[in-house]
Amino acid sequence: MALRPNKLLHHLWKQTWVARTRNNVTTSRIMRPDDANIVGNVHGGTILKMIEEARCIIGTRHCNTQTGDRCVAALARVERTDFLHPMFIGEVAHVSAEITYTSKHSVEVQVNVLSENIVTGAKKLTNKATLWYVPFSLQNVAKIVEVPPIEYSSPEQEEAGKKRYEAQKLERLETKERNGEIIMSVSLPEPYTVAFSQSSLIHLIGPSDCTLHGFVHGGVTMKLMDEVAGIVAARHCKTNIVTASVDAINFHRKIKKGCVITISGRMTFTSNKSMEIEVFVDADPLVEAEKGKYRAVTAFFTYISLDKDNKPHPVPPLKLEGEEEQKRFEEGKARYLQNKAKRLADKERQQ
Amino acid sequence: MALRPNKLLHHLWKQTWVARTRNNVTTSRIMRPDDANIVGNVHGGTILKMIEEARCIIGTRHCNTQTGDRCVAALARVERTDFLHPMFIGEVAHVSAEITYTSKHSVEVQVNVLSENIVTGAKKLTNKATLWYVPFSLQNVAKIVEVPPIEYSSPEQEEAGKKRYEAQKLERLETKERNGEIIMSVSLPEPYTVAFSQSSLIHLIGPSDCTLHGFVHGGVTMKLMDEVAGIVAARHCKTNIVTASVDAINFHRKIKKGCVITISGRMTFTSNKSMEIEVFVDADPLVEAEKGKYRAVTAFFTYISLDKDNKPHPVPPLKLEGEEEQKRFEEGKARYLQNKAKRLADKERQQ
Amino acid sequence: MALRPNKLLHHLWKQTWVARTRNNVTTSRIMRPDDANIVGNVHGGTILKMIEEARCIIGTRHCNTQTGDRCVAALARVERTDFLHPMFIGEVAHVSAEITYTSKHSVEVQVNVLSENIVTGAKKLTNKATLWYVPFSLQNVAKIVEVPPIEYSSPEQEEAGKKRYEAQKLERLETKERNGEIIMSVSLPEPYTVAFSQSSLIHLIGPSDCTLHGFVHGGVTMKLMDEVAGIVAARHCKTNIVTASVDAINFHRKIKKGCVITISGRMTFTSNKSMEIEVFVDADPLVEAEKGKYRAVTAFFTYISLDKDNKPHPVPPLKLEGEEEQKRFEEGKARYLQNKAKRLADKERQQ
């Protein structure tokens, strides 16, 4: 049977819509004063939290489309994320998440963040993020369930997804937990040293930080990590600072309701216009004391300093003390140069 | 020029998309423990707040689509709204707002709220709301600006919108402000009396106010006590006021999740530069009615008034009415003098 | 065995560090707009809440260090606390808590609060607080458990702690509950009357309640209105209650940042399965005193009572006192019947 044009259109539209609502979700929210610093720049952590919430909605929805165990989607990894433009109080953040690859046990979600000034109408792409999650059974949180496969628009698309999957798997296996320990110094440290700006924050995990099943939302953790990194950056350069990027984050272990988490940050590297801050998250199950404290997450945040016109501002160089700090600085420099080279290559490819 | 089918399709899609993003917005959010009561039912107020936020986004966006004054969209009226189904913690609320009618100065927005259980996939329409707003100039908030007209899919649609507009206009004119007295205040008390500034606040203890074990954090209680004391102080002296000290606080009895607490404050004493406010906390275990209301905490807060340079500012003396107030004033004065003497002694010891 | 000097040092350091993490905790947080008043002074209550949170972490951790019952640490008393310096938005509050004395059943925690301006680097001691807590068994919240003893650096230190313990014990015993009457409630109203369930709430409009232009979001007002209506409904029928509908709401006048709003609710009508609550919102521009209090919004909320299976539950009839209440009841009944008729008509039309 031949469809008349308008029927065809409606048919295609419906198909698109069904696909959209299955593999796709958009959340939107007005940015409030508490989402931003005193100059009005929205915290990178606020955006990371929204990204993770969109991921959680689409992820939980997708992994429950098949009959079988009911499950929840736990965040396993966030790929390196760049903050392309600052966002401001009063703007609307639109966060769109789409499932772009599924393996047997893990799912890739790509998320775009758009800022919209609802008064001037200006729109900007502020972030592109890639997250990986793994579905766990609700009946037994130790059991990983199988992921329903998605349909790809072309074999090439599927192949490219598989490559991304293999690459991140390799990288996750390589990432041994970084074993830094931050000890607060006894005597007053000199300005621009690592000891001078290092900071630590403690948070008691409450009900609103958790999923229904009593585990901390990855977004809550990332927001606190960004807060500590921001304090370290501000202490170092004493200006308005904003998140420029976050390195890949691996979520090694889940964190339960009632834990106390300690989030510590120390500066590892400075270039002319950027600072790299290493952040550790340690979880301490207060009541079940015998379980002991454990390292739950680590990541590198890159911050830049802004002047009054929101333009990048030079950063005072980090004063290094001892071999350890020297070594971390060199490692930071290597990451910095690698990212710079990658950005240049991406730019050339686009031209 | 004839478009090839897929070009046509793309063209139509783009048009639809532009129309969608101009007159339509959807916000989505996972419901958290703080959005619901202790049984897990999401508060109607949470949904009303989300409805209004979606309305604000689409409204501000629409009224700024034309050149001219930048403007904001102020809510003028919400039509009768039914809550068709309960929503629960862990579900996702999808709130879609669409502009459905515009007159010269006001705009009708229709909002649908859908609940989605992302585990079972069940979806329900939980609310349909109609809101009216009026755009104000940002340069001059007293000036109402003109609304850009929308396009209707048919003359009947426009006609129906006009009828709704006329009906609500009539109803708004008829609704003279309901002249119910402000409950519990019989006659207006004289300025600077105890009755003039005394204040009372009720708070329903939610999940985030509590420890894991369902009892209110002492810190939550103290924060609310300070809030009431601050309102009493501000009502008395109408300036910027700050907490100077808190007397010893004894926590006589624990307060459980689900209680309503009433925090009441009254001024007891004023010196030249300070005010003492007595604060009571009464707990009412709503559901376990047989237990009855009980006094849980009491304390004295001392506030000072600050001028524009953050320097202490004279406080208007408290007007006393009756023996009781006189007696409390004398007791407050004794505490004031005792603390002053203690501060002086501490100072001398340190020298 | 003799330790080499640097090993010895490290050994001592490690001991100190372990001691620190056991008896000592520091939490840090940036002060947000919602933590402060409109001039930027952080609320005393915000600081009290942080003090108590640090106390809770160290307390729960300490009382679970020994084998035996799992326990929680409940706040029993806060000694007099002075606010030595104001703190401002954007500053970081560092709250350090240390266990300084233990008796058999209670623990003293001393807390210091430091404000740090992370831009200028200026630091100030803003508070010193002393708190006492008592550990309760998690299995049986009526059972007080024994406190693991701490080690003192000298017998004098222990002796001084013991004196503080005895002094506060005496004072707590002396402090009979201050028998101030619950303000404004002259006689206890009879259950099921209007006076019995009527409730009133005050809220200071903070930055996050407002649009960029300093006016309250309509959604914030509606959420508070629903909160008061819910408390009235719960007080009346002492069961799980949910919002069933909201009558048309007209927003007569805008409400500005910094106002105190009073939201009052009273029951006007009950049917077999529903309650109607009238809610008033009055705004009081504290600082611009000449403007005076004004009625900003009014509305009717309808609530239903639910049993344990989320099914509607009969509502106790409202006891009316006086002509006014009778008149309001009749008006409420008219609205109820009108809405019922409308619902039936809508249903028939759909069939």
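A, B and C are the chain letters, set down in written order, and residue numbers restart from 1 in every chain.
The rule is simple: a contact is a pair of C-beta atoms (placed from the backbone, for glycine too) under 8 Å apart; a residue touches a chain by one contact, two chains touch by 3 or more.
For clarity, every value in this text was computed on a predicted model and none was experimentally measured.
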Inter-chain pair with the most contacting C-beta pairs: B-C
Copy pair subunit B, subunit C: interface residue numbering same or different (half cut): same
Distance from the mean Cα position of subunit C to that of subunit A, given in whole angstrom: 31
For subunit B paired with subunit C, centre-to-centre distance based on mean C-alpha positions, whole Å: 14
Shared interface positions of subunit A, touching two or more other chains: 287
Partner subunit C, residues of subunit A touching it in the complex: 32-34, 37-38, 89-90, 183-184, 191, 199-204, 227, 230-231, 234-235, 238-239, 260, 284, 286-289
Residues of subunit B that touch subunit A when the two form their complex: 9, 12-13, 16, 25-30, 32-34, 53, 56-57, 60-61, 64-65, 70-72, 89-90, 92, 116, 118-121, 138, 207-208, 210, 212
List of subunit C residues in touch with subunit B within their complex: 37, 39, 41, 43-46, 48-53, 55-56, 72, 74-83, 86, 138, 141, 171-172, 175, 177-178, 180, 182-184, 198-204, 211-213, 215, 217-220, 222-228, 230-231, 234-235, 238-240, 242-252, 254, 260, 262, 264, 266, 278, 280, 282, 284, 286-287, 289, 293, 295, 298, 301, 306, 310, 339
